Each structure stands twice: as structure tokens, then as C-alpha cells.
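Both complexes below contain subunit A, partnered by subunit B and then by subunit C.
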Partner chain A sequence: MTGQLSETTTLTRIQDWVVKYGFIAVTVGLFVYFAITEPAFATSSSLFSMLKFASVTAILGLGVTFTMVVGGLDLSIGATAGLAVQLAAMTMVFYNLTGPTAVVAVLLGGLVVGLLNALLIVVFRIPDLLATLGMMFVIQGAKLIPVDGQSVSSGMVLRDGSVAPGSFTPDFLKIDRGFIGPVPLPVVIMLALVALSWFVLSRTTWGRLMYAVGANPEAARLAGVRVGFYHGLAYVISALLASVGGLILVSRIGQGDVNAGSSSLLEAVAVALVGTSVLGMGKPNAWGTLLGALLVGIVLTGLTMKGMQYYHQDTAKGLVVIVALLFSFTLSRKKLRYTPAT
Partner chain B sequence: MRNSKVLMAAITGASLLALAACSQGTTTDPTSASSSSADSGTTTEVTADAPAPFDGPVRIAIVQQSGQGDYFQQYLNGTRQQAAALGVELDVYDAQGDNATQASQLDQAIASGVDGIVVRHGYPDTLCPGVNAAIEKGIPVVIYDVEIQTCAPDAVQTQQSDADMAGLVLDQMLKDIGTDQKVGYVNVAGIAPLDRRDVVWRAALDTNGWQQMFYTGSFTNSTATDTAPMVSSALKSNPDVVAIYAPYDEFTKGTLSALEQNPDIASGIKVYGADISAADIELMTAEGSQWVATGATDPNAIGAAVTRTLFLHMAGELPKGATVDFPPILVTQDFLRQNNIKNMDDLRAAEPALNISDVSGADWIPSVTF
Partner chain C sequence: MAPDTGDQGAPAVNLTGGPLACELDGITMSFGANEVLKGVTLGLPVGHVTALLGANGAGKSTLIKVLSGVYPEHGGEVRVAGTPVEMESPLAAARHGIQTVHQRIDENIVPGLTVAENLVFEEIVRGEVPTVRSLRKLLPRAREIARTLDLDWSDSVLTRDVFELGIADSQMLLLARALVQRPKVLVLDEPTSTLSAGEVDRLFALIRRLRDDGVAVLYVTHRLSEVAALADDIVVLRDGAISAAQQRPFDMEQAIRSMLGESLATHHDLVEQRGSATAVELRGVQLLKRSDPLDLDLRYGEVTGIVGLIGSGKSELARGVFGADPLRAGTMTLDGKPYAPRHTSQAVGAGVYLVPEDRAAESMLPGWSLTWTSTLPFLRSVASWGLLRRARERATGTAVLEDFGVVATGPGQAVDSLSGGNQQKVVVGRWMHAGPRVLLLDEPFRGVDIGARGDISHRARAQASEGACVVVFSSDVEEIREIADRILVLVEGHIKLDAYTSEVGNDAIVTSMSEVA
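Let's look at the complex of A and B:
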């Protein structure tokens, strides 16, 4: 009897360890494995290009994280990034304005999308998923109207037959192509936003109340929390983060690519979900989302270097998500605080 | 219960690692992937030893904007087989149509330390920094069909010769109909290869005294279907044209169905097209078909020729900034019918020139022919 009890305790301890550190262990293990077997993998240029690749996914993932914290999910995040791409291109190419103006225009655009999402969800009480799904389609369509469905590039011929006057300014292109020391600028932006998001979510009253709203809106309301405000705030933050992601995207592409951002939604949701399993937290968190984006980057870079076919990549991504969810849902003994959006 | 959960975690962790390990075994042999569905090629004999760097192990990468569709699959098949023929390892980066991903993948390819890179399609503004970064690091780059000359002058440029494709077909048209005739034109502006064919068409109009009675066409997701009614209306108001030039096979298909809808005015009108595929061959050889000539290249052969161009460039036998055009051949309805050609294999057998195996050839490169 006693023996059995102590055995259970040991197993429980192992299980807790696996839940808490298992995912980090898998990440580190894969990293070491790739670094040993592929000499080019752990070079600084390879690591920085991997981080750069992960930056947009991570930043959009942070947006998803905020909305998951309040118990929702922002499906319009990829479309909002795409809108940012279009707005930046139009500001500089059509209207010949400066790079900083384009950044302001993009952030204003993001703010409007966030407020509209908040309006639909909080004031009109449309369920999160449905409101943002509708918003996703609206943005995807609406952003094409002023550009006649064409990708915006410098020197393009406009509807009236004249040539577009502006072009992408060098300072704007630095957003993705610039460096601070040896570190690419988008990586710096990503790390800064992760740190900021962590601080807001974990160290401020606003963040804690957001978690409270997500865990049990009714209890939060009875405790005197302005549930609607925090719920809406998450969507405004999410749209702003998506806009920053879009700024990096458009600066990387150097054109107002009409398809940009559309493939980012599922990846962002995936890394935010992966992030819930880190350190056995079982709840959406900023560092976890970063780790999720890095893990996806490590797996894809490593497997590509190993010569894996590109069409296997989605399968690999999916397995990463499922393994992560096994850690947080199947193995965890803790009752999860993540409540799915309705 | 708990026991099984821990076990499960161990299994999932182990299988993830196993998955990574397995992929190495299945893919370092580049021929294994191509043997399944694609056209398999044969290789020519080499008569000389390969120069450096091909005296040791070599790894190259292709960074492609999209790999979807029959054309691009054949293209990649050609690239794979040509790489395998020289014993070169090939990494394939496919952005699946996402331009930002293509830029990142170009960075990754550079960082992975490959010895040479092929960049296929994409935006010049997106690819320019990466292409220049690669060249700065001493990695030779060959571009296929990206207008990047001005910002990356040191990259080797390749493209299918659209000017030749149009020229061959229009010469045939001149032979068939003569000068000073009324003709129709189906094309759109703004798509690079079609614009290059358009330049040749304008010149032909001038020199041959042809009178362009209509200019129409629609480039959409269903180009042939959307183009047909436009050509149909154009024909009704211009029933006296003797020939129509439609320099893209979807336009040609749309034109053919417009002719079918107007049998009373359309009989006798000759159609000149571009491109070739099994479906196109069937259309050209069908009973009463009015599609009399087209210009053709084989995507398999082009994929292989691009790879040979990179090999030459890596070996220092092709200078920076060089341009290589892949010539098309003229395929006429008479030729197809006389040789009883039913598909691409028949056509390759009857027209070995389609293999362009002499383009970017060398005595140390085993050229792949299909």
C-alpha cells in the first residue's frame, strides 16, 4: 500500500515535470539535434533568418494571445495584416507620402479595425468567432476596392492611365531589412513586443483583469470589472499588433501584395495555442507564443535543411501543435483555464 | 492511467525526433521523389571530368514562388532530374504563392550554405535584397523570369524566349495568309511574358500591313471561358477577319470556342496560338480544328536547362550578368497530324529540339532529355 503510494507520487512528479518542461525540452532537443546533424543550422546567419521568419508569426500570435486571454479568438488578424500591407503601399506609392506617414496610416487603420471588432462583439453582442470571421471577409474584400484588385508597386499604371508617383521609401524598407548591430530589426521589434505584452498581461492590473474576464466573465462582472471594456481592449490591441506585423510584411515584400497576410491567420492561431502549453501554464501567454513561433521556425528550417519536401511542411506544423496540446490538455493535471470561444 | 500518459508523452517526443530522422533517408536521394508521377528523363554521356566545385559534394537550392499546377510540377521535375544527373543535392523552397515567405526562404537558403541558387518567379522588389546578398557572399544565382536586371545586375538571367515564340508563329501566319489582311488579336496588357509577345505582334502588324480589326481578351481565373464571349462579339462585328492571333493557350481555347459558337462567319478563319500541352495537342488535331500553329516549350526541359545554366555559372564558364534564353519551337497542325502525335511524349519523340539539351550544355554535364 505504502509502496504503491510512493510510486504514484514519483510518477506524478515526473508527470508534472513533463507538463512543465516537456515542451521546452522538445524544443531544445530538436534544436540540438538539428545543430549537430546540419552544420549550417546553428550559424548566426541561419539563426537570425529563422528569427526573422518567425517574427511576423510571433507578433500576430501575440494578437491572438490577447484575444484568447479574454476568452475569444481574432480570426480577422491575417486580414488586418493584409490591410496594413495595402495601406502602407497606397500611402507611399499612390500619394507619394513619407515612410513615417505610412506607419501612422497603418496603425490608424489597425485601430479602426480593432474598434469595429470591439463594437460588434461588445456592443452588438455578436459571438467573437462570428464577428471576426465576418470582419475578415469584409477587410479582405474592401482592401481590394481602391487598388482595383491589383498589387501596388512603384511605377504601376493607375486607373486614369498615369503612372503612380511614389515608391517605397528606403527608411520604410528598413523596418524589415534594417539591423540593430547584428540583429535584424524585425527580430528586435518582435522581442520588444513580446516583453511588452508579457508585462501588460502579467504585471499590470489591466492584464490580470483580462485573464479574469476570460476565465469567468460573470464572476468578473460581479466583482465590479468592466468586462466589456477589457474584452474590447483585447481586440484593439490584437488589431494594432496585426498592423505591426503587416508593416514588417510589406517592408519585406516591397510591394502592396494583395495576397499578403492571408496565410498568417492559421499560423498565428497555432503558435498562440502552442504557447498555452509552455511551463504548464495552460493559459495563453506572451513568452509561450514566442516559443511556439520559434519552435515552428526551428522545425521548418531544420527539416528543410534535411531535405524534407516543402509540401510536408503543413503536416510538420500540425504535429507541433498537436504535441504541444498533448502537453497542456492530456497530460496536465491542472484544470485548464482556457475557455474556448463561443 | 497516469503511467500511460507519461508513456504517451515519451512516444510523441520520440516519434517527433524519428520523423525528423526519417526524412533524411527518404529525400537525400533526389531521384526518389521524381520517379512517382513525373516524366522520367534519360541523360547524355559526358566526355570530360567535371570542374570545381563539382569534383566534390555540391548542394544547390531552388527558391520558387509557387509550385502548384501541372506546368510548375513538370518544371521542378526537370530541375530535380538534372541535379540528380550530376549528383548534386537539391533543396526545394516553395513559398506556395506567398511573397513574404519567398523572401524569407531566400534568406534561409543563403544561410543554409548552399553552393548555388535558382530563383524562380516572384516580385523583383521582394527578391532583390536577397539575390544581392547571396551574390555578395559568393553564392552564384540564376534567375528565371523575374525582371531583376536593374537592381541585381550580377545575377544570371534566364527566361523562355517569348519573342521567338511569337516570331515563329507569326512567320508561319505570314506564310499562310500573306500581307495586307484583316486580322484579330486576343491578348491583355500587363503580364510580362504576354507583353513580350505583344511587342513582336505590333512589329508584325506594321511590316506585314495587317489591319487589326479587334483587340480583346480577359485574364481571370477562368480565362478561356471569360474570353470566349468577348471574341464572339468581336467576330460578329468583324466577320471579315482571316486570322486571329491569341498568344496564350487559354486565350486560344477561348477563341476556338467563340469560333464554334459562330459557325456561319467563322469557317475559314485560322487561329494562331502559343504554348503546348496534351490538351492543346488534342484541340489542334481535332477534326475541323482551326488552330493551325503554336509555339511550344517543354517545362521539363526548361527546368533542366535552368539547372545546367546554374552549373555553368558555378563552374565559372558563364559570367555574372549573363542572359540565357530558352528557344521555343514551332508546332503546326499539319505536323501533328502527319506524325500522328497524340500527347507530349509523341511530340518530344518527333521533335527532339523541344529538349533544348544543347542550351547551357557542356561536355562535363550529363544533359537530361525527356
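Let's look at the complex of A and C:
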């Protein structure tokens, strides 16, 4: 008998409910609270700015979700987003090339990072966490070299004393500032990527096989699954998603800030982790990750409206993440796993 | 050694009278609505080996866990030497003199620690060993513990990572750890499932010695031959209650009938099938580091049974043909064409399937449903353009469930929540459903009840008669005789015997197995 303990007393039933819906309840509850106490909160413009704010975290969180599905974790995701920021800035400012070229350069950069991660993990068999931790430092360090540690902005003086020839193009800045109808473009990109990720993970053979690799790699291999391919694929997808997140970020800040992206790692990991327990899914999934990112967005927007200083943001974020993780780990009677429960 | 119970003043064989080391009185245990134990009343007499039989799902494991303090919320009463005790934790069980050696070794030894540290693990847990400990100081105690079991382990073995021990020695380690506590009651859950014949003999001699010393042993097993060799009493657990109790001389037929109830395992007489066309041809294949090349033809239309003990190279052979691990040397052909799978996916593509030896570690995906587990190797067939077709998936899951009579709530049930026999039906059934050319079954009956064993055996033979090449690997001669048309004996990487089942007796097989390579 391997049946799990599941006595259905009232208490445990409440506990199960809290684990399944508590997170959503908290999100909705906070939303209602802010909407009532801050009239400006529930206006469409502030809602959209909140979603816009959540988009980078959500997209990076999707990348982490893919790597968690295969039983790993991509720690280089923030650094990859930072690399995207700098690649975009360099393409346009140093080389005076077009916005679309910058987008291509950024995606190629992400592809290279993803392939390198896959190489280290699958071919050289370095544990996921360590390989991507190493990559994180390599990327963060290496990107400082061509810019002498300086942030890239238009009009900056280059090594040879000349002034940088280019600047951020208007079409590139539209990535963050554009709209489709009333909806900001980053929000559209976020929703599209969430839907696409959900589709790939739960409706395609790729997604199923990635879950299989995460659930038991040896059993997957002995069922004829090319474990290495799907394991590596998750890291390539993760790096590409990180690059898209980086594109939105650099379009928002309008310069190649050397520190951009690095702070988003923990948030991205946290929202993906939180997402595993939403609705009692017990596995990493795209909609859960989105919901996690939204909660962080609601709290930060709400508190900012209530007059919270910017330097309180990290504390607030951290607390939100810890509370959310209490739902997943402490209250959940199901052992949280990265693998699906059907 | 005759199991004479009259010596040493031991009590007469009597399940309820005489001095009892431990009594279970009306033990109940439920998981949600699922009542697994429905009032088990059982006495374990001092100086007796009581064999506990039961099909998978009968509640054996749950009963053992109650006895080892894992389920303090059980109903009923446990009495040790007549005094009611609370089995509130494994430590409490140990305090009351009840020691359990569980079936799953990997849950009980700690890889990364040395053999010595694992031997004194109980004392480390109880804090009797200094937190900062040196291996040197542990060694004398570890040696002492190992000696209780006549384990001749040198210091170089004791200081090695326990991971290097191998399954059989790990089992002995756990037993030594239990025995050093001088238990009054020893519970053994299928202790021989991973042992070789020599090790089984050693274990049995030890159990008999313990019995003569007055230990009450509860011995849980699927193997009737072990019961006949070892037990003083038999109790049969069926559907959460004791359905029969026997004393020597045993009536095994009766025991099997009480185990299985009305659905008695059918004795289908083996109608020997002889294949003709060669499916897999192995030439110059080397299985082990120090073994000579062997040639072997596996034929369509028959079940080939390969008998071999641990270390005989049978798993290496199975995994080599499946492409899971590379062969050390040699070539293979499949249907006369060169066949050298570098990856399992190539074998699966060619219609060569393997059910691996260790179900939990090598076949099961935690939490995966029957449907998902069934379709995993053949996702492409339930998808179009990479998109999964749910209806097709479900149809496959349902087909595997129904073809094999898997006892489950439906194709959506998680496979790891099924009983062992039903888990095995799923992992065997998913390959059979796809119509294999070559089907390799490595120890397919391990941890499987007799009913499921009969079903799997029957289906494997049916596949062969439909033309498939079925190869069964086992260390149990009886199992192989039950299923195979042709029997091969593998000893240390060499083929010692190759004959049709009807042409060879048990004696010849056993003799060839004991031949030194």
C-alpha cells in the first residue's frame, strides 16, 4: 500500500482549501483592499502600469518555470536579461544600427547563453544550479569588458575619445511604451508568452517530455526519451525568455545600465516557485507563474500609492515572496515537487 | 535444520496460547475512506518464525508500518509481553524491542556516509555519538555491529561510502543494525528479494539462530519456498484481515487459496512454443569486465528465460540489447540487419522494449497517471504535429488498464498509488500494448503478487505466440519455468545451459548455476 495519508477532517479540508485557493484569495483580497482605500488604484491606467511592471518578472519567471519543469533551476536568468540590456544598447548606441537589428542581436545572445548552459549541464554533466551559477558570474563580468564597466547611453564618450554615434531608436523604445488598443505592448507580450508557455508545456509532446525528464530522468531515458535534448531545450527556452524580458527592460530604462536585470533573479525564481502550488497544481506551470508575478505587482503598486518609499520595495517584495512560499511549503500537505500530479 | 519447536522449552505451536512476544489486537488503519486494515488480531510467539503471506494490496506493508511505529494513529491495541504499548514513533517501537527491516533499502541507508557510519546510524540519531566524530572512534563499534551478523568487513570496507556496497550487502547492513538492538520481535519485509542464493542461506541460518534464542520473527514474503524452509506458522492476510492461520505441516495450496480468495491463480499448463526466425543475434558479446565473449540467438515466437543470480550479467545483457548501457564488446543484429543502439530511443524505434529491474527507480514517474505513464514511450502516436491529442491519450491509457485488468479508479489515477502488482501491470502493459518485436522483462515478478504474476506471465506468452520475441530475466528458477519455453542459465557472464524447458529438470538448472565459471 502506498496510498498517501489523506484523512478528511474539517481542519485538513480547510488546510487544503487554503493551499489551493489561499494564494488567489490573498491576491484578490489585496487587490480589493487597495481598490477601496486608494481610488486611483483601480483605474485602468494604474492597472496597466501594474501589469507592465509585472511583465519582466513574469517573463523571466516563465524561463525559470521551464528549467524547474526539467528538475533544474536557471540561476543565470537575471544575468542573461542584463546581457540583453547591454547588447541592445551597444547595437544601437555604439554601432548605430536599427532597433530590429538590436532585437535580433539580443535573441542571438540569449540563444548562445542557453546553448552554453545546455552544454555545461547536459554534455559536461555539471549540476544545473552550479553550472548556471557559474554562467551568471561569467556573463555579469564579461559584459563589463567591452564597455569598460560603464553603462551605455547615447552621447557617451568612447575609448578612442569620440562620441558614441547612435542612440536608442524610437521603434525600439516602443517595445515598452507602445500600445495595442488600450493595452501596453509589454503586457501583450507577457500574456502571449504565458499562453504560449502553457500551451507548449501542457499540450505538446515537448512539454510532456520535459515534465518526464523532471519527474524521473532515468525512467524517462528507459522509456526511450532523449533526456539530454529536453533538458538542454529547457535552458535554451529559458535564456530566450530572459532575453525577451531584457528587451522590455532596456526599452523601459532607455540606456544600457550595467546593473539592470541582476536583481530580477530572485523575484523570477520566487514567482515560479509560488506558481507551483497555485490551485494545488503541485508542478511548475505558466499560469501559476503569472499569478505570482501579479501578486508582487499588486503589492508594490498598492504600497507605492500608499506612500511607501522606493527603498522599502525590496523588503516588501521579500515579505510577499516569503508569505507566498508559506502557502506552498508550510501549509501544503502534499510534498511540493517540480513534477506533475496528473 | 528441522524446525522442531519442542526444544529449548519453546511453547507449543499455538497462535494464541503460550508466551507471546507481541500481540496485535484488532488493529485497524484507514487512509481517508480506504480501510486498509480491518481489525487484525495476531500473536507472535516467542522463538517462532511466523510467515505473513498476502497478495499485494492485502495490507501487509501497512501492518508492518503499524508495528514499526510509522502509523501512530492506528486503531486497536499492540501489546508487548502482555503490556499495552503505544507505537507512537519508530523510536518507540525500538524501545519496546520491535525492530523492522524494511523492503526498500534506499530509504534506510544514507548514501554519502561510510559503511561504518551507517552501521552506527541509530546511535548517531539518538545523539549517543559525539556530533564531531572521527571515523576512527566509530570503527570499533561498527566492527562489533558487523560481527553480530558474521559480516567479515575489513576496515577498508567500513570506511568506504555505503553506496559502493551493492544491494545485497546493504541489506545485510540494515539487518545488522536491527540486530544490534537485541530485538524481542524482528520484522523482515521480503528480505531476500535482492539476495543471491548463498546470501539467502546465510540469512536463513541467522534467522534460525535468532529464533532459537527466543526472538519472535515476523517474516513477510511472496515466496512459498522460503515459507516452507523457514516458517513455524503461516498467517495469511487478505483484504485487511487475517484470512487463515496454519501450523506445520503446511498446506500450501490452501494458503494460496486463502491469499487469493476465489480468484485462484490458474495453473495454465505450459504448452511449449518453439520459435524459428532469429530476432536478435549477439556475436562476441562481452557482458562483464572479466568474462569471455558469448554468442546468443534470441528467437521470435518463444519466451526465452534467462536465469542468473546477481552479478551474472543478466541485467547487463538486457540493458545492452535495449541500448540503455553499451555492451563491453561484440555486435548485434536485429532481423539480420546490424543493430547497435546508442540510445534507448533507437531501440524503442526498432520495436525493442525493456521493462527494467527496479520498478520504483527506473519505471515510475512520481505522481504520473496511468495514462501518462502508458503513453510516455509512444507520445508521437498520440500526437499530431507535436500536439497531444487527449482523446487518443486517454484511449491508450484505458486500453492498457482494461487489457491487463489493472485495479484502478480509472486511467487518471497515479500509478504510484497502485499496489505493486498493478504498477507492474502498467509498466509491462504499456509496452505490450504497442506490439513489441522484442520484449525484455528484467525481474518482472519482483514485488508482484501471485495473481498479477499469473496475468503478466499469461500475457507475455500470448505475445510470443503472436510472434514476438519475449525474453524474461530472473534469479528465480520456478518463475522462469512457469513462463519460459527455452531456458538459459547465465553464470558470471557465461551461458552455462541452453535448453527447452521440457528437456531440462530443475536439478540440471541448479547444477549448472552452481558451476564455477
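As a working rule, the second predicted complex is superposed on the first by the 316 of 342 C-alpha atoms of A that agree within 3 Å, B and C clash if a C-alpha of one lies under 4 Å from a C-alpha of the other, contacts with A are read in each partner's own complex, and residues count from 1 in each chain.
Basically, a contact is a pair of C-beta atoms (placed from the backbone, for glycine too) under 8 Å apart; a residue touches a chain by one contact, two chains touch by 3 or more.
Everything quoted here is computed from the prediction, not taken from an experiment.
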Contacts of A:Leu249 with subunit B and subunit C, given as first, second, both or neither: first
First (subunit B), second (subunit C), both or neither touched by A:Arg221: second
Subunit B versus subunit C as contact partner of A:Arg203, first or second or both or neither: second
Touching partner for A:Asp74 - first (subunit B), second (subunit C), both, neither: neither
Subunit B or subunit C, by number of subunit A residues touched: B
Contacts of A:Lys52 with subunit B and subunit C, given as first, second, both or neither: first
Partner chain(s) touched by A:Leu303 [first = subunit B, second = subunit C, both, neither]: first
Subunit B versus subunit C as contact partner of A:Arg177, first or second or both or neither: first
Partner chain(s) touched by A:Ala212 [first = subunit B, second = subunit C, both, neither]: second
Touched partner set for A:Glu267, first subunit B, second subunit C, both or neither: neither
On subunit A, the residue positions that both subunit B and subunit C contact, one per complex: 8
List of subunit A residues in touch with subunit B within their complex: 8, 11-12, 14-15, 18, 22, 25-26, 29-30, 33-34, 37-41, 43, 45-46, 48-50, 52-53, 56, 151, 153-154, 157, 168, 177, 249, 252-255, 257, 259-260, 263, 299, 301-312, 316, 319, 323, 326-327, 330-331
Subunit C-facing residues of subunit A, complex: 1-8, 203-206, 208-209, 212, 215-216, 218-226, 282, 337, 339-342
List of subunit C residues in touch with subunit A within their complex: 30-34, 36, 57, 59, 61-62, 73, 322, 324, 343-345, 347-349, 354, 356, 361-369, 372, 376-377, 379-380, 383, 386-388, 412, 414, 416-419
Residues of subunit B touching subunit A in the complex: 2-3, 5-6, 8-9, 12-13, 16-17, 19-20, 23-24, 27-28, 33, 67, 89, 91-94, 96-101, 103-104, 107-108, 110-113, 123, 125-126, 128-129, 190
